[in-house]
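Chain lettering (A, B and C) follows the sequence in which the chains are written, and residue indices restart at 1 in each chain.
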Amino acid sequence: MAASLEILSWFCFLVGGGLCITGGVGVLRFPDFFTRVHAASVTETLATPLLLIGLMLQLDNWLDLVKALYVLLFVLITGPTAAHALAKGALHHGSKPVLSGDPKLQTGDSESNNREDESSNS
Amino acid sequence: MDRYYAYILLILGVFWLLLSGHYTPLLLSLGGGSVAVVVWFMWRIDRIDGEPFVIHVTLRVIGYSFWLFKEVVKANIDVASRIWDPNMPLAPVWVRLDTTVSTPLEKTTYANSITLTPGTLTTDVEDDHFMVHSLSEEGIEDLRRGEMERRVRKLGI
Amino acid sequence: MYTAAVIAILVTMVLSLIRAFMGPTIYDRMLAANVFGTKTVLLIAIGGHALSWTSFLDVALLYAMLNFVGTIAIMRFFEYVDPEEVPSEDLDEASDAGGKS
């Protein structure tokens, strides 16, 4: 029983860690703000629960277990609200999402590359 | 309405007891005092803010959470494969999604469920439609098929 | 095992920090800061357990709350103030070290 819990916890940590890095790579690679929100939600909706469940399987104090559950529920409930607030703010001030068929999608992260060039020149 | 505040008092009390872990008279009275002050603040805010919304955690809500979690896992696999694909097959769309959910609580649940699922993001909530940004056409097609909406409406909140 | 998880979290934090420095818009930076905050919660929770700290989960819970309130507060601020209208030196000081010209 204890051994299977240990293996399950290992599995959660490994998959969670992998997804965590995936989300980070996505935030870096995706071409515009709105697509990056989707990449960020990978780290918040699956990587965080998996890592916290992996941790919960290791805890032996039930009070700590409940607290870890609080953290998990809190992150899951507030995640969409924060994402919505960010997206609404971006739209409100005139950022328009890059849509399918836009040439920016093919060249990758052109917008921020330009910005980087600018700042290295100045 | 009084039952509502009694519930809040009970929930906050249990929350405090679980977080604290120390059960001496001094700390218990401090905890009781802070719970009372918070409930008083909530009562004051509710007078200005209008009707408070109450979500009853029923079996249906729990069943919906499990279904939503399954959907979230599927969507995560899809988005993760797009991130690691060297060609980055993105075809973002930003469209109007007609909805039939009516009560504010249903709308909130539906909009947040859409946002929680990676690959789809609600940017605006109007009376009869949402504006939804999606990484691909398929995400929107899934939403238009309306399974999530049906399940939200069945929650009866 | 904890080491592997902590390293994964640290790598993600570095990646989101790079995005926070690159920008290009204030919203990208806020998004990256939000991801960074969530990862901090995980780092405290897992690292705290690995180093057998006491009450590390209270710190993690508090940090999760601060992270959410911080994001909402800054987005409320920019709802009324257009980021383009804030003089760029102020923005540079407030939000980034390497980006906006």
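The rule is short, and it goes like this: contacts are C-beta pairs under 8 Å (C-beta built on N, C-alpha and C of every residue); 3 or more make two chains touch, one makes a residue touch a chain.
Just so it is clear, the structure is predicted and the values come from calculations on it, not from any experiment.
So what shape is it, when you link every pair of chains that touch: line, ring, star, complete or other?
line
Check A-C against A-B and say which one is joined by more contacting C-beta pairs.
So, comparing the two chain pairs, more contacts are at A-C.
Just the number, please: Cα centre separation of chain B and chain C in whole Å.
From the centre of chain B to the centre of chain C is 22 Å.
At what distance in angstrom does the C-alpha mean of chain C lie from that of chain A?
The separation of the two C-alpha centroids amounts to 11 Å.
Quick check: how many Å separate the C-alpha centres of chain A and chain B?
The mean C-alpha positions of chain A and chain B differ by 18 Å.
Name the residues of chain B that each touch 2 or more other chains.
Within chain B, residues 19 contact more than one other chain.
Which residue numbers or ranges of chain A touch two or more of the other chains?
Residues 23, 25, 37, 67, 70, 79, 81, 88 of chain A each touch two or more of the other chains.
On chain C, where are the residues touching two or more other chains?
Each of 58, 61 in chain C touches at least two other chains.
So in the complex, which bits of chain A are touching chain C?
The contact residues of chain A facing chain C are 9-10, 13-14, 16-18, 20-21, 23-25, 27-28, 33, 36-37, 40, 43-44, 48, 51-52, 54-55, 58-59, 64, 67-68, 70-71, 74-75, 78-79, 81-82, 85-86, 88-90, 92-93, 95, 111-112, 115-116, 118-119, 122.
Mind pulling up the chain A residues that touch chain B in the complex?
By the definition above, chain A touches chain B via 19, 22-23, 25-26, 29-32, 34-35, 37-39, 41-42, 45-46, 63, 66-67, 70, 76, 79-81, 83-84, 87-88, 91, 97-101, 105, 108.
Please output the residues of chain C touching chain A within their complex, sorted ascending.
So the residues of chain C touching chain A come out as 1-2, 4-5, 7-9, 11-16, 18-19, 22-25, 27-28, 30-32, 34-35, 38-39, 41-42, 45-46, 49, 57-58, 60-61, 64-65, 68, 71-72, 75-76, 78-79, 82-84, 98-101.
Once bound in the complex, which stretches of chain B touch chain A?
The contact residues of chain B facing chain A are 18-19, 21, 72-73, 76, 79-80, 82-84, 88, 90-94, 111-112, 115-124, 133, 135, 137.
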